[in-house]
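In the two assemblies presented below, subunit A is common to both, partnered first by subunit B and then by subunit C.
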Partner chain A sequence: MLSFIAQRVLKGVIVLLAIVVLNFFLIRLAPGDPAVVMAGEAGASDQIFVQQLRQKFGLDKPLPEQLFVYVKGVVTLDLGFSFRQQAPVSKLILERLPATLLLTLTAFAISLMLGILFGTFAARFAGTWLDTAITIFALIFYAMPLFWVALMGILLFSVAVDWLPSFGYETVGANFTGLAHVVDVARHLIMPAMTLGLFFMATYTRMTRASMLEVKRLDFVKTARAKGLSDAVIQRRHVLRNALLPVVTLAGVHSGTLIGGAVITETVFAWPGIGRLMYDALLQRDYNLLLGVFVICSAMVLTFNLITDLVYRLVDPRIEFTA
Partner chain B sequence: MLRSPSGVIGLIILLLAIALAVFGPMLFPNSPWRMVQRPFLPPFTLSTVPLGTDALGRDVFAGMIFGARVSLLVGLVSTLVALVVGLPIGAMAGYFGGKVDDALMRFTEFFQTIPSFALAIVLVAILQPSIYSIVASIALVSWPPVARLVRGEVLSLRTREYVQAAVVTGQSNTWIILREILPNTLSPVIVLASLMVATAILLESSLSFLGLGDPNLISWGYMVGAGRTVIRQAWWITVFPGVAILISVLGLNLIGEGLNDALNPRLSREGR
Partner chain C sequence: MSKRVLLGLLLACGLTAPALAQEPKTGGAINVVIQPEPPGLMMAMVQNGPVQMVAGNIFEGLLRYSPKLEPQPELAESWSVSEDAKTYTFKLRKGVTWHDGKPFTAADVLFSVEMLKQTHARARNNLAQVDKVEAPDDTTVVFTLKQPFGPFLGIFEVGSMPMVPKHLYEGTDWKTNPYNNAPVGTGPFMFKEWQKGSFIRLVKNPNYYEKGKPYLDDIYWQIIPDAAARSVAYETGKVDVLPGGSVENFDVPRLSKLKDTCVTGAGWEFFSPLAWLWLNNRQGPLADKRVRQAIMYAIDREFAKDVIWNGLGKVATGPSASTIKYYTDDVPKYPYDPAKAKALLKEAGYKGEKIRLLPLAYGETWQRWGEAVKQNLQDVGMNIETIATDVAGGNQKIGDWDYDIAFTYLYQYGDPALGVGRNYVSSAIAKGQVFNNVEGYSNPEIDKLFADGAVATPDSKRKEIYEKAQKILVEDVPVAWMLELQFPTIMRCKVKNLITTGIGVNDGFKDAWLDK
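Here is the complex of A and B:
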């Protein structure tokens, strides 16, 4: 198992390096001379300054050498400097990372729990009005654009009834401490997390339902029934356990979508995470910061994929730990 | 397809959306950029501007009609481009196997690992927002599933007797792939394509919402984004375009399900 993890981590590192290289060429796709762009970002376009920038960032060196310097920088967590924010990109990202992790992991947990719950209900009562209702809701949630769900949430829960705050991470200027602070953050978290989770909840509901109906017809379920086990036990121990395998796979596949969704959600709710940082970088055409966030997002997706891979092998003992 | 109720509903929705996109601008010639009435006119007050006006007094209904063109066009074209990229890669990987397969599939997996929406944002931002950069970025992030699906299909088809027969009669690889194998992979590809159009519409609207839309074309995502700051005063500016996106995507997903049931009954319960 350890060698499996080592192999997978190695594979992930190689993919990440490839993404960093891609990133390097993406920066060069940006219109204009990077030194001139940087000078503009710093608020000056003096020729001497541009030349200095060129030297400082090695832009006067041949391309392969520039690539080497860039990759070396990323490996040592130096993602460049954001002139707009006057701070190193890695520092900006590290400050914002906890908020994004809190948001995405909460959304993921909510969507997985509710999705499996609703999917199980729909499969258990397949063909009844409950199944139809769950299926229709899942279809609609699956088709709703995330940014619109977020705005409708604000319209409903912040404007129509004043239940939840519509933006931010905590109440500005309230300076809560201890439990009061936790409650305050949680109140701010509910709407963004539910918004982000809704699409995935719909996906997991559909997947769980389909997968449970599939497993239900298999022979071992008949055997369990023949043994005289109660329906509840069969559903829980035999059907659900096996039906969850494709759901776990799907969760891994969706990690990239989850990060993308976080960009939108954080933008609408002014949630101070890296998604919002990406949007700010976008507005200010701060390419260093934009691409830095992109690399970190990719690293997060790779980590998440590795974890789901491990979980998959833990829940399904039939699959061996070979990469 | 016509036997499944969801497929029929989806088809009706799609046909209505296409009709709106094609003929709408002829029937309602109001330009979506022109200021036609006072700002923040609520919906259902004037029959000439049935869905009200936005913060600049522009006709929301006109925006929805012209926006339908952008959404459908971007959805269809980017899916086509993704097919053009994904089909040959998948077909070659499945047909030649071995090292070619390995190399092409690692390449595909690489693109599948990159968070797609984040990559699309970066690409459009760097290439500057335009309808071309949007289509290109959406296509670039959505071809991998096509390649994987086609590879799987080709892998199983290439051992069939009629393909072996074509090999024995000395046909070229290109001829065999194009004439014998690819036509038989079409039905799952069509199902995937219909779902991809839906995803592409969602992607385009999300990009436009973030301000990465083509500045010369009105789109549903842009309208929602523009209405966002005034949502407390004027709900209709954000609600209606969002409903349009929801309905179109729902229609395409329903078509995908209907096609799936009709074309590959054995896969019909797999869902997505």
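Here is the complex of A and C:
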């Protein structure tokens, strides 16, 4: 298993470098020049100023040289400097990482738990009113755009009944400490986490339901029933466990997008996360920052893919590790 | 809300505020929306609207300007101009200290001028006429100009020329100086905390040189990226001030009606944002003056003002906003007249060639305006294709002259020599750059008028020159002027004296107080 992990890590590093090079060129293909964006914001754009900015960004150098400097930096874990934000890229990302992880991991947990629970119930009571109700519920959240769910949530829970704060990570200026701070952050977290979680929940519900119905028809379930096992045991130990493989695959794919995948939720709820950092960097053509976020996101995808493979083995011991 | 009601609100709340002068109360915190999040707070290094809005409290300039754009003391307590209008002597306030306790002196002014020439494009342009700057003593600064420069006293507000602490920046790498992220100024508020993506906190400067000021203890700048969420934050009482442009215009009437809410359009006199359509004079049908004039007649600007901008703003008459110096409305007029537009197009021999229109990616109001203009132009038979881009992509197209018609709005900075001429003189034509003469208009007479106007004395002479320039430009229609924009500031009525100068919310909150 160790050699499996080592080989996968090595492959991962190569893939990561390939991603860096590809993104480096892709970003520069987009029309728009960071120096012009900054000059425009400054309310003046004479030749000297734009040239100065290009020098500061290192954009006056030939492209291969820019790439070499960047890749050399990434190899030594230096993600460069954001001239627009006047700070090292790694610092900017690390500042936002905790908020993003808190939001996305909570949303992920909500979606997985509710998704598997609802999916199991829907499969268990397939064809009944409960199945229909769950399916409709899941479809509603899957079909509605995230920003709409978010705005409706704000309208209901912040404006109409005033139960939950409409934006931010904490109550600014309240200076809560200890448990009061935890509660404050949790109150701010509920709406964004639910918005994001309910969207993904729908997919897990549908996937779990379909997968369980398929597994239920297989011979070993009949055997288990013939052996006289109770329905609960069959559902839990035999059907659910086997039905979870596709769900784990899907969760693995989703988990890779945890860092950069919450742009809309973070924007509507003013959640100070990486999704928003990435979005702003994109609009401002902040190349180094954008690439930095891509590097971290890609590293996350690769890591979670590895973890997914390891979880496969736990869920299904028949699977063997081959690099 | 009808225009009249909105106007009533503006009058009732904003314009009458100074008349109801009360004794200011000390203490309290206000929450203000800031959008987008500033990239930094070191005004000498980064310049954009949000940077100045926050850091205009931390840093100061030598002067500030009244709503009528008359200079007022800030770090300079007095100034004098020599008879030949080439020497400007500023006497600095005594006893002013930086937030770290070090004294502010004339040496800081000299250092700031040198630094800004390298880092601040607008300051560099403004200082181009300066021959030398000297400090005969710690509280005197003398600017000697190469030749008289009419708008010179108008270049000293905090955004145009912020004072930088020499002792913290001299001999350092400015771009990575740690004080860029914890700025030290002389202003009424000091930098305290910045939770990136969340909020910026400024606290009262207890050693501020104007005794008793500032009145507020804290300012929290709340970073809320979504326009609808910003409206909700105000509605639910989480923020007290929505500076102009924070919410979509269609939300303004609704928010204005909320309890204890005051609205004012004041505080934009210095910037005087003017919206227009760049018209690419170089190629295709738009190279013909008659087609450009037809565009002016074809667009219903009153409709845009009343419907898209909710009655806010004013239809522009030409290259100068009515709030800046030497404005005249004695220019050719272009009322909404589709029939005349059609006739002009016919006369010019327009045969339905495709014309590309670039709307401005600044939110829904601008998007709707783009749709309305497209419809107006199609109504007179023009073949319009909308090109959607984001801001950076749009700027690139405009800078590369790869457009036919493009929306923009620019600040005018109080004087035609500072913010108007740059868009029409032929020396400002340079590919790859935005916000200068990107339309490619070239007229030697206009070049001469703007060159003469900048250095002419006395004032009456400048007036004569700029009025003539406005007439010629409006006749030629190098660009299609749309509206003098107004960005209303929405706030709780308990917030008093928030806007006291022509620079508005971008000029620091030292006079603001809370009527608790």
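Operating definition for what follows: the second predicted complex is superposed on the first by the 274 of 323 C-alpha atoms of A that agree within 3 Å, B and C clash if a C-alpha of one lies under 4 Å from a C-alpha of the other, contacts with A are read in each partner's own complex, and residues count from 1 in each chain.
One rule holds for everything that comes next: a residue touches a chain if its C-beta (ideal position, glycine included) is under 8 Å from a C-beta of that chain, and two chains touch if they have at least 3 such contacts.
Everything numeric here is computed off the predicted structure, so don't read it as measured data.
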> Can A:A210 be said to touch subunit B (first), subunit C (second), both, or neither?
Replying inline: first
>> Quick check on the superposed pair: does A:M152 touch subunit B, subunit C, both, or neither? Answer first, second, both or neither.
In response: first
> Is A:Q47 in contact with subunit B, with subunit C, with both, or with neither (first, second, both, neither)?
Replying inline: second
>> Quick check on the superposed pair: does A:G58 touch subunit B, subunit C, both, or neither? Answer first, second, both or neither.
In response: neither
>> Touch test for A:G73: subunit B only (first), subunit C only (second), both, or neither?
In response: neither
> Looking at the overlay, what does A:G252 touch: subunit B (first), subunit C (second), both, or neither?
Replying inline: neither
>> On the A-aligned overlay, A:V37 touches which partner chain: subunit B = first, subunit C = second, or both, or neither?
In response: second
>> Once chain A of both complexes is superposed, is A:T267 in touch with subunit B (first), subunit C (second), both, or neither?
In response: both
> For subunit A, what residues appear in both contact lists, the one with subunit B and the one with subunit C?
Replying inline: 30-31, 151, 154-155, 159, 267-268, 283, 285
> Within the complex, which stretch of subunit C touches subunit A?
Replying inline: 29, 31, 36-37, 39-40, 42, 45-49, 118, 120-122, 124-125, 175-176, 180-181, 195-199, 201, 218, 220, 222-226, 228-229, 232-233, 235-236, 238, 389-393, 395-397, 399, 410-411, 422, 430, 432-436
>> Can you tell me which positions in subunit B touch subunit A when the two form their complex?
In response: 110, 113-119, 121-123, 125-128, 198, 202, 205-206, 209-212, 221, 224-225, 228, 231-232, 235, 238-239, 242, 245-247, 249-250, 253-254, 269-272
> Tell me, which parts of subunit A touch subunit C in their complex?
Replying inline: 30-34, 36-50, 52, 56, 81, 83-87, 92, 95-96, 99, 151, 154-155, 158-159, 162, 165-170, 172-173, 267-273, 276-277, 280, 283-285
> If you look only at subunit A, which of its residues touch subunit B in the complex?
Replying inline: 15, 18-19, 22, 26-27, 29-31, 139-140, 142-148, 151-152, 154-155, 159, 203, 206-207, 209-210, 213-214, 255-257, 259-261, 263-264, 267-268, 278-279, 282-283, 285, 287, 290-291, 293-294, 297-298, 301-302, 305
